[in-house]
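Notes to accompany the following structure.
Just so it is clear, A, B, C, D, E and F label the chains in written order, and each chain counts residues from 1 on its own.
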Amino acid sequence: MSMTFLNIEFLVASAVGLLTAAGIYLILRRRTFPVILGLSLLTYGVNIFLFASGRLMVNAPPILNKYAEVPYTDPLPQALVLTAIVISFGMTAVVVMIALAAYLSARDDKIDMPHHPEDEGEDA
Amino acid sequence: MNHFLIAPVVLPALVAPFIIMVVRHHMDLTRIFSLASTVLLLAISLVLAAQASTGEVQVYELGNWSAPFGIVLVLDRLSAMMVLLTSVLALIINLYVIGSGWDKRGANFHALFQFQLMGIIGAFLTGDAFNLFVFFEVLLIASYGLMIHSGGTRRFQAGVQYVVYNLLGSTLFLFALGTLYSVTGTLNMADLAVRVAEIPAEDTALLRVGAVMLLLVFAIKAAVIPLHFWLPASYANAPLPVAALFAIMTKVGAYAILRMYTLVFGPDLGTTEGLAGAWLMPAALVTLMIGAIGILGSYRIGRLVAFGAITSMGTLLTAIALFSPESVAAALYYTLHSTLAAAFLFLVADLISERQGIEITAQRLMPQSGLIAVLFFTGAIAMAGMPPLSGFLGKLLVLDAARDHGMVWWIWGTILIGSLITILGMARAGSLLFWKSHSIPVAPSAETSQQPYEEEANEQDDTAERSAPAALPFVACFALLSGLILLTIFAGPASHYAEATAAQLFAPEIYIEAVLGKVTP
Amino acid sequence: MFYEYLIAAFLVMAGLFGFVGSFGLLKLNDPMSRLHAPTKATTLGVGGVLLASMLHGAMIEGDPSLHELMITLFLFLTAPVTALFIAKVHIHRHETRQSLPKAGEDGLWATHDVAETAPETDKT
Amino acid sequence: MRLLRRLLPHPILTLLLTLAWVLLTSTWTLNSLVFGFLLGLLIPFLTQPYWPQQMRLKKPIKIIEYILIVLYDIVVANVIVARIVVFKPNAKRQPAWIAVPLDLLTPEAISVLAGTITMTPGTVAADVSAEGHALLVHCLDAPDPDAVRDEIKQRYERRLKEIFE
Amino acid sequence: MSLFLIAALPFLGAVFPALLIRAGRNASASAAGLTTFLAFVGLMLHAPAVFRGEVIQVGVDWLPALGLNANFFLDGLGFLFATMILGIGLLIILYARFYLSREDPMGQFYTYLLLFQGAMVGIVLSDNILLLLVFWELTSLSSFLLIGYWKHLPEGRQGARMALAVTGSGGLAMIGGMMILGHIAGSYDLSVILQNKDLIQASPLYLPALILILLGCFTKSAQFPFHFWLPHAMAAPTPVSAYLHSATMVKAGLFLMARLWPVLAGTPEWFYIVATTGLVTMLLGAVIALFKDDLKALLAFSTVSHLGLITMLLGFGTKIAAVTAVFHIINHATFKAALFMSAGIVDHEAHTRDIKRLGGLRHLMPVTATLAIVASLSMAGIPPFNGFLSKEMMLEETVHTLWGGSHYVVPALALVAALFSAAYSFRFIGHVFLGKTRDDYPAKPHDPGFGMWAGPALLITLVILIGLFSAKLAGPLVAVAAGAVIGGAELPYYSLKLWHGLTPALYMSAVAVIGGLILLKMHAPLMRAWNAAPRPEAKQIFDAVMRTLTKLSQIVTDGLHNGAITRYAFLMMLFIIGISYYAYSTGTVATPTRDVQAIGAIPAIAWFCLVVATLAVVAKHRQRQLSLVLIGVVGLVVSLGFNYLSAPDLALTQLSVEVVTMVLLLLALNFMPKDSPVEAPMWVRLRDGGIAVVGGLGAAALIYALMLRDFALPSISEFHLANSYKGGGGTNVVNVILVDFRGYDTFGEIIVLGIAALVIYALTEAVLGTRVRAYLLNRKPDMPQAGDAHPMMMVVATRVMMPLALMVAAYIFFRGHNLPGGGFIAGLIAAIALLMQYMASGFSWASERQRMFYHGTIGSGVLIAAATGLGSWFSGSPFLTSAFGYLHWAPLEEFEWATAALFDLGVFLAVVGAVLLALESLARFAWQPGISSEHAMDINPARDDAAEAAEGEA
Amino acid sequence: MIITYATHFAFICFALAILMNLWKIITAGEIADRILALDSMFINALALMILYGIALGSEVYFEASLIIAMLGFVSTVAYARFILRGNIIE
């Protein structure tokens, strides 16, 4: 337990980094489904990032205690993350549906669009 | 308490659910309510503009919580101008959409349209950085719906890309906000300005990262190269009247850059020095050029106009990147112009593609060819920034503002050469679409119906209704054209307003004081 | 003091059963047997913790609450369904009509009773 | 009476829900009780369409006995199973499938039986037969499958039959 | 008449023909003619003042911010040009009325023509160079329309685009030049600029400004090497050629050089650029003209040559040369417009303009022949016609011009040019009108009606009269115009007369005429040689350039925007990381102010789970369902982490969102391939991995650094903690922030959710309205299906679970203000409770029984939230101001109420509606005729046995 | 004091259980095993959370456990239904 990286900040920061990295990697894949997975991971990453921007505290939930003077963690980032979670849920739902619609219409779930540069005749 | 500030946000937020709940199945009623809402919105915007034109900055404390603890709406000249612009555009496009029957080609158009307006206007009015994020998301998610309105394979495919790309942008937004909050401990923009100014010089790196990430977020919205890739495919594949509405969306990005980088990270601030200046100008110039090249290289009408929009964003951002009162004034004037011009050309493009399909090739003469040709020609002039329309004046203002900048030759060269390429591209497209058609004999045949998404055309769609020429779309087009003409004739007053706005932006103390009260050092 | 020992006993028991449940998941060598293991964790494992928690709340903190019972209720309601579904997955993928005992007068087990409920599927 | 039936479609459920509310809030006040009761009225009313048939209990009192037996079985069987899991080599273990023919008819009763089988360690209810007249049970270690089946029928099914049918 | 009105009249006039399209040819021609005539009269009213040397000025501010003012002024030069523009314009309007055929849209023609006319008048009257630019570009645009007027002709379209490309680019260069000029002079007003010769010529920016402005002038006036567009513009109807390409537009460049002569001319740069260009153009144009068989092409190159001549004169920079230039402008306009019109008449009557198919026309159309021959002689420089006079003066000037130290270069080349000029003029006469009448004309030529030859006749009269009485007739005009050109300085001595004595110029003229005749004699062999000689064909080069440009643009555009979002996203990441690193590296970092916090083993184990699961998602992402399971692990650990780090609300939200998301993804995955193929080559995967690692490291380092530092100033959340209970009435500060301090965010957030559901619904409608529906209906499952779709145990469990879950939702809802929970989480739980029912008993069974209209639920949620917010207006407070208090109803204890709860109810409803609408929409995709769920469960012995019994009885 | 030790013991047991679940999720050859392991992980996590509540003497972690008890089931059923039927709502 004396290893220097065994601290909350390191664990959280590395989790952010890992989730972000995994998210980025998957977003760069060529099918819609892995991209959606990547977006999910990236969302975790950024939510934790935003959460950690209020610094980290253990056993100090921002629920006011009428009876004792206790420490409270920063409630604001929590509220922000809540909003962000909800919004990204809506976004995920939409992107899943559009991806599905695209797949069903084109019978192909490649995320890169087929490219048809029409060769036109002389244009004058 | 001046409730007019919240009115343009709440109004569509009430009308949209009302439409969904009560009149969803009655197209006529839906249209009436949607249109009424847009008209009312315009009226409110006019009142707001009148109020803002006194130079006073008004603050609306939501939930009665004072800044920086609650969220505030702030009305200054800039936000009033943008709200007014949005309302004007909204009304015209609403008319067009109703006239062309686009709103009937899929579900929930008007509700999404109202929500879209709510998002855009909310973004212009808010004085809170996180709330800006929320309203970005509102306007984005509504735009996703509008973008894929009525469906179609390519539209869905482009839709996926549009959403994914913007989700990346939203993620970056959160990274930026987290960083800024973590450094400063606040979210209110005025408060951010105060606190950022007090950041000690020996610990600026993290704030700089946050500031630049924020700038990049807005740059994505504003389609700055190389963050613009979302734009061409999504605008070109969206229903073109929707793309016309989207003309304001890129401006949201430009607006946010202006707001943040005058109010919070002002040009004189040492902490964030060089963040925008270092790359925004070259990027803006490349944007302009790529857009112009895209116009010449487009083989589809929607894509052509989409690149036109990119070009105008390049010009606009060039002006913004100069970051002087003159250049910002020029940028604001150009914003008015380019929004109307892009929307105008998108609507004309829709008139064309409804009749001839989306390809820029010579085809049989379309119905109402003459009138549409005139519209296209004027739209092209506007887009290319040729005289006599306001685009030329806007460009001259930008060129003039760049006179003393170190990169003046690059700026002038790019703007002028970009204009030339734009002209060539527009001339090419116009002569193919309108002139070459005359050399093709009129032969009525069954296979000439060239609906862009014909294979997936909704069975419920009444194709007869689709092709029936209606007056309302032309009314909408002429309304936009009149807007451009008015902007040209009254260039003096308009640029005067822009100057006053720029002056207000470059004196952020008024804004800050209005939001936070007397600032105690 | 008695309660402390009681609570501790519950906790130790809970820990042991919880551990054994997941250990079984690794140790047992056939999939259907592995399905048995988690029921341990649910019943005595979590049950022990819940009991300990209730006792702890009532006796140590002086804030008696029985809401842990709700968790128990949910677990007892859901665990059999979970097990059923996982068993059905196993039956679906690995068992045949022959490998299972005869289903009495009904002839076959519901999971294998495909034709009646779904359009024909060809295994490709 | 009909009005009462409409207001109180599931009196047991209402009771159960009121109890759940009190348990959840853990506040033993009149407010809580009243509020919980109101919700206990409202929620069954809202979910009524999903309960097409009335669930009838013949001998509700027997439930308590049944629960106690099951709890006892759970504790005992847990220990046995833990021993099997930890100490008995896989090779010596004798897993088995058992088909348990059912006398029970109502879905509720069958479900409770299946739940019981699963919750008592060592057995898992894995499937029902195509028309619901038998249960497929898997045993972790059953040298004598018939004994297990008989125990299920005797110890649980019989009691459930009394309670439900 | 005000100059404003003169400038505006043509534009007003342009409106009438457009409106009168249906009123007939005469109506639109009269409207056009009348307005032009009015403008002409208006102009003439100023003549006395102009000839007195006065300058008439009017002005009004237009865009003061820029210095762009609507200022006009009229001096001699402007008067000369305006007279030409309006005067010849009148003749052209008359001519065109008869020239154009019945099929041609006359209204359009006059509209374009008057637009052009207005632009030209604007150029010559502008007293502001920015205003001048406006008109300048307008001429390009309107001439584009005029050249392309015959839309069915490919030459018209191509010529129009070529003209636009060349003159447009010159115009844009000129914008740059004008901006610099204005910058140097400190004003864009011409009257100011013209006063600042020394300032301008001393400026280091003089040369760039000069070059840019000249680019504009040269392109417009078809100077070498930009001359090639002009002949192609001849595809325009002849009235257009006569007007634009002889008299007016091409002279705009000359006008501007003359206009700016006082401040730009007189430097060596000016001389060498302008004079040389003019000289080369003059020579080249003349040579090419000789070998053109097309009448209009011949005239076009002749025009090029004459424009070069005038340019050269202006380039000399001497006052006398300027006078000569002005004089030649007048002369050229008269004879060249007449020639174009004559050529047009020939074309109109004989139906060909090909010289090789013509000849002997003097017998068939004597009037036309007379007019054309006189004009040609004038062009050839034969006395006594006006062309002779100015050409003589030009040759005289060349003799006095030193070029690169040599006395001979300029006169020699000018002589050659004059010689060729005479030759092509003679050819025009000889090969068209003289010789024998032929019998193979495409049509039988005869003189047209008076209306058509009246215009050229009037011009020819001028040609002769100016030639004979030059000093009297043209003298004053030349004087005032030239006076203006040289900037009001004293005019040099010159005399406009036929006989100057035996001057070098006279000898040169004689040589030119004789040589011209000889060249004409040798025309046939010369023509063969010419045709055999290799030479660049401007049109082909231009077309090739344009094609290449277009192709290149397409390649660049398509290459950049190739639809590959994988690459777009990669570039985006790269850019973001790069710029962010730049921002970081240019800042300063101080030492951390906070200590790290130690932790125990459990969080470390949780972290380990997260790491392993995340890596596994990446490694196994191709197995789609498996990666969803793994994401489930990630979500669980994240929720646990939130809980551990004092964020119970977040944990609850994350957990419930997780479930709904999973269900959604599984529903979608049902239709999609279950695996992703390996597509990217190894290097791409490595590249992506590289950027991912860098991005991840960046994010990690950033948040780590942030966590080790304190807020620069105390966070605003201290206020929230302090006021949550006092001002918000709740002890769960997060919830109070959500529904009160930042309720507006939450308002936006539920709208996002609502919109998401609407989008999904609309999308479902759109997809199911297409042939996809048929595909879905006939779709075979791609995995083998098990029996028993709606298992009995699940259904029974759900029946108990659903009310309990709703109870939990209620519990979570009501306690949210004070303890973890709230409307959003409650909404999700309620939605999941209903979702369980869907999963248990199937879509059709469940949706038949649901009483909610999800659209309505979403709508009511948003409306309730908004109405709660608006409620505060009644107490005069801002939107979303909350209120709370305590109620006492005996025998109950105190009840706390808060408007925040009402707001939260809105949130609740919106969430329930949105989630269910989304899921229901997805489930609709899966609906197939085979799927029915008449009963809640598939197997129910009680039901079946009862049915059997009933059957048995029956 | 004894409670503390007992709690720590239980913590370690459940933590090891979770690690074993993770091992199974990653390595199992059969999707049913993975789902089972995930379900177990949910339940072990639930136990851990209640243990935290005991260790910290706090009630605020209760709801999360409640939710896990309710919702872990839903996702498990969804995963399983997906394999059984493809369509999880039919």
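By definition in this document, contacts are C-beta pairs under 8 Å (C-beta built on N, C-alpha and C of every residue); 3 or more make two chains touch, one makes a residue touch a chain.
Everything numeric here is computed off the predicted structure, so don't read it as measured data.
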| item | value |
| --- | --- |
| Label of the chain whose CA centroid is most distant from the centroid of chain F | E |
| Pair joined by the larger number of C-beta contacts - A-B, C-F | C-F |
| Most distant chain from chain A by Cα centroid | D |
| Interchain centroid distance [CA atoms averaged], chain D/chain F, Å | 22 |
| Centre-to-centre distance between chain E and chain A (centres being mean Cα positions), rounded to whole Å | 37 |
| Length of the line joining the C-alpha centres of chain B and chain E, rounded to whole Å | 15 |
| Contacts with two or more other chains, residues of chain A listed in rising order | 27, 32, 47, 49, 52-55, 59, 61, 63, 76, 80, 83, 87, 90-91, 94, 98-99, 101, 105, 111, 113-114, 117, 123-124 |
| Multi-partner residues of chain D (each touching 2 or more other chains) | 20, 24-25, 111, 114-115, 125, 127-128, 130-133 |
| Per-residue multi-chain contacts in chain E, two or more chains | 154, 157, 161, 550, 554, 558, 563, 565, 569, 601, 628, 644, 648, 669, 699, 702-703, 706-707, 715-717, 720, 741-742, 745, 749, 752, 755-756, 759, 763, 766-767, 770, 772, 781, 785-789, 791, 793-794, 797, 801, 804, 808, 819-820, 922, 939 |
| Arrangement of touching chains [line / ring / star / complete / other] | other |
| Touching pairs among all chains present in the structure | A-B, A-E, A-F, B-E, C-D, C-E, C-F, D-E, E-F |
| Contacting residues of chain E [partner chain C, same complex] | 780-781, 784-789, 791, 793-794, 797, 800-801, 804, 808, 928, 930, 938-939 |
| Residue ranges of chain A in contact with chain E within the complex | 1, 6-34, 36-37, 40-41, 44-45, 47-49, 51-66, 72-76, 78-83, 85-87, 89-94, 96-101, 103-105, 109, 111-115, 117, 122-124 |
| Residues of chain E touching chain F in the complex | 601-602, 605-606, 608-609, 612-613, 616, 625-626, 628-630, 632-633, 636, 639-640, 643-644, 648, 651-652, 655-656, 658-659, 662-663, 666-667, 669-670, 781-783, 785-786, 789, 794, 801, 805, 808, 812, 819-821, 825, 829, 832, 835-836, 838-839, 842-843, 919, 922-923, 926-927, 931, 933 |
| Parts of chain E lying in touch with chain A, wherever the complex brings them together | 154, 157-158, 161, 543, 547, 550, 554, 558, 562-567, 569-570, 573, 594, 596-601, 603-604, 607, 610-611, 614-615, 617-618, 621-622, 624, 627-628, 631, 634-635, 638, 641-642, 644-650, 653-654, 657, 660-661, 664-665, 668-669, 671-673, 676-677, 679-680, 688-689, 691-693, 695-704, 706-708, 715-717, 720-721, 724-725, 731-734, 737-738, 741-742, 745-746, 749-750, 752-753, 755-757, 759-760, 763-764, 766-767, 770, 772, 775-776, 818-820, 824, 911, 914, 918, 921-922, 925 |
| Touching residues on chain D, where the partner in the complex is chain E | 13, 16-17, 20-21, 24-25, 29-31, 34, 39-40, 43-44, 46-47, 49-52, 102, 104-108, 110-111, 114-115, 125, 127-128, 130-133 |
